[in-house]
Every structure is written in C-alpha cells, then in structure tokens.
Amino acid sequence: MPIIKVTMTEEEGGATAEQKAALIEGFTRVFSQVMCRGGDTAVVTIEEVSTDNYGIGGRSVTAIRKAQSAASR
Amino acid sequence: MPIIKVTMTEEEGGATAEQKAALIEGFTRVFSQVMCRGGDTAVVTIEEVSTDNYGIGGRSVTAIRKAQSAASR
Amino acid sequence: MPIIKVTMTEEEGGATAEQKAALIEGFTRVFSQVMCRGGDTAVVTIEEVSTDNYGIGGRSVTAIRKAQSAASR
Amino acid sequence: MPIIKVTMTEEEGGATAEQKAALIEGFTRVFSQVMCRGGDTAVVTIEEVSTDNYGIGGRSVTAIRKAQSAASR
Amino acid sequence: MPIIKVTMTEEEGGATAEQKAALIEGFTRVFSQVMCRGGDTAVVTIEEVSTDNYGIGGRSVTAIRKAQSAASR
Amino acid sequence: MPIIKVTMTEEEGGATAEQKAALIEGFTRVFSQVMCRGGDTAVVTIEEVSTDNYGIGGRSVTAIRKAQSAASR
C-alpha cells in the first residue's frame, strides 16, 4: 500500500481529469512493475499549487512566467 | 510539538466543521495518551483532496465511485 | 535541488502575493547561504490551510480565534 | 483510504513498538468513528525525526532540551 | 519542476539501488508524457518506512506480516 | 504555528548540527519577518535523503554525481 504524491503547478486551468487519471494509472503501473507489489493498493494523490505559491531558484513561477513572456516578445 | 496530518478524499461536500474539530481533538488525545506529551502543542492539519486527484489501485476515486454506483443499480 | 514546504493557516484573506514572493526569496536565500548550494534550484511550495482544517493543542484555530476574541472583549 | 502521517521527535531511544502500534490503532479508530469510513483501509505512517533536525521557535529541540536541563539544575 | 514523492514499507532489506533508479526514471517518464513538461526537472524522492512505522487498517505492517506468516503455515 | 519542512540530499556526511541550527533559525526568522507571526511557534523539520533516494530529471543524484565526476576528470 505505497503512497505516491505528486505536487505540481496549476498552469492554464490545471490538469484535466484525463491527465490526472493517466498520472494515477501510470505511477501505479511503474511502482507495481518495479516493486512487484502495490498494483491493487497504491494510493496516488495529486496536489496542484498556484504559480504564486510555487517558487524555483528564489522566484515565484508567476514571476518566472512573466519574465519568460516578456523575453519572448 | 508533534505534527499530525490527515489526507482524505472530499466526498459529498466534504467533512463538516464538527467532524474536523472531532478529528483534531481525537488525534491529539490519542497522541497525548500514548506518548505522554504533546497534548497542548500537537499540530493537526487536514487536507481534503478531490476524488479526481485521489487514486487507489490505479484508478481515480471518481472512476471507482462511478463503477460502484453502476454495479449497485 | 532542495525542497522547502511551508504550511500555514490562511488568516484574513491569506498571504498576499508580495508576502509569498518574500517567503520564496527568503527561504531560498537562507538555504543557499547555509548550505552553499541550491540558490538556483531550490523549490519552495506554500500551502495555506483554512483555520477549520488546522488544529493546535486539540482545538481548531477557528475555535482558538473565537475564544481569543471573546476573551479580549 | 485516508492517509494519516505523524511526525515527532525521536527522544530517548524513540517510541517503542507498542507505542507505535497504539498510535496506528488509535488514529485509525478516531478517523473511522468520526468519518464513518476508513477503518479497514486507513494508512498510518510514523516519522521520527532526530532532535537536531526538529526546531521550534527558531531553536533545535536539542538546544531547547539542553537549556531546560541547565535551568532545572 | 514537479515533485513526486513515494512512501513505501522497507521490506526484506529495502528496495535495491536498481529498483530506486527504475522508480525515479519511470515516474519522471510518466509525468513528462502525460503533462508534456518536467522531463528534465522533475524531482523524485523515495521514503522507506520500517514496517513498525507503517500501519494499514489499524495494525502495523509488522503485525500483518506475522499474522499472514502464521496463517500460511 | 506554521510548519516549515526542508528536504535535501545527504551529501558527504550530511549537514552539520551547526548548519541545521542555522537553517532552523533562518527559516523561522524569514517567516516571522514576512508574516509578522510565528517567531515563537514555527516548527521546522529537516529531512535528509540519501542520493540513491533522490532523483532529478529521471536520474538518481548518485548517478548524476558519478557522471559529473567522470566528466571532470
């Protein structure tokens, strides 16, 4: 009964229900194939975090996206 | 100052404020009785996760609930 | 690529975007100065939790705030 | 299939196997009684953290224990 | 820069370095294929928990393994 | 009573007690200055993860360090 948690930024409306289902299915399959257990019992949780609440290298992803957008103009 | 975190699916409108208060009170009491400390300082956080973002055995709880509902008809 | 996660109550409308940016910048700076690495790659996530879902010493922060408010009247 | 995680300092050799079993049993019972589900499926994990790696109010628990010990002499 | 964390019991000596590498590679591949990002930056952490510190349905995995072993004799 | 958790690789013997104390002090100071609360109550936990159990971009940090070491020869 392994626990797999993914934390990711919520970009452009967030992941679709289909993407979430594919992450749940895929992570469980990988765990089951590698560890030979957990296929029926693995718990997967998906946490989506707004870009204001997610930082990389000292800047929020909101700020990083703005800088990228300005640079690409 | 132990930290207790519960993660659960948000089903049918989610837990009520009374249920949340009972979880906080109960978890703290259990910890305090077992470990003989932490009764005044334990921190409890409750994370409710939508059924799309929670998977068991490779399927989202949304999909599991639908299958259960179809099977019971 | 250290991961720094802060969990806090969401009080009075929650932290502002400026406060969040300052937490991200400050935590990353502290880690980088102390460990001499991670300045460009540290990931910071901020989780805000409603006062109903956050308990201290067996009571929800909602209940604690109410008692404080009643006591100060 | 709720997930309950407790994080606590590892003091004086850490919690015994009996204490850990009592935490697992107690947390699961509280959840099951309050939420009317999860009794058979709740996952509880216990994380013990050395007092060097646990801080309260800006000081490690190691330092707090030393100060308490000095003050009580 | 998604964060993927797997928590699992440490059984029979724990996962091998090859299994851990396969989990890291597999989880990252699944995320990257589903979300079309994160292939170069996903962070995966693996937490192994002793069977005393891991409970399912109110009993430690240590106790569950003992009961299974006794039942199969 | 905010909770701040840092997860980092355990490299070359891990962080010293002095570095851990500085992380605890620094994270608490940053939180307190930015949010104007939590200075006395913030909980900081430090999790050190072996380089086998930490992956970036699909490879373990153990493998990344080996490749860096080979490239620098």
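Order of writing sets the labels: A, B, C, D, E and F. Residues in every chain begin at 1.
By definition in this document, a residue touches a chain if its C-beta (ideal position, glycine included) is under 8 Å from a C-beta of that chain, and two chains touch if they have at least 3 such contacts.
Computed from a predicted model, the values in this text were never measured in an experiment.
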{"item": "Touching subunit E and also subunit F, the following chains", "value": "C, D"}
{"item": "Common touching chains of subunit D and subunit C", "value": "A, B, E, F"}
{"item": "Selected pair, greater C-beta contact count between D-E and C-F", "value": "C-F"}
{"item": "Fraction-based call for subunit C against subunit B, same above half, different below", "value": "different"}
{"item": "Between subunit E and subunit B, distance of the C-alpha-averaged centres to the nearest whole Å", "value": "21"}
{"item": "Separation of mean Cα positions, subunit F and subunit B [Å, integer]", "value": "28"}
{"item": "Subunit F residues counted as touching two or more neighbouring chains", "value": "1, 3, 7, 27, 29, 43, 45, 56"}
{"item": "Topology of the chain contact graph, where touching chains are joined (line, ring, star, complete, other)", "value": "other"}
{"item": "Which pairs of chains touch, using the document's own definition", "value": "A-B, A-C, A-D, A-E, B-C, B-D, B-F, C-E, C-F, D-E, D-F, E-F"}
{"item": "List of subunit B residues in touch with subunit F within their complex", "value": "1, 3, 43, 45"}
{"item": "Complex contact set, residues of subunit D against subunit B", "value": "1-9, 15, 19, 22-23, 26-27, 29-31, 33-35, 38, 56"}
{"item": "Subunit D to subunit F touching residues, read off their complex", "value": "7, 49, 52-60, 62-63"}
{"item": "Of all residues in subunit A, those that touch subunit B in their complex", "value": "17, 20-21, 24-25, 27-29, 32, 39-48"}
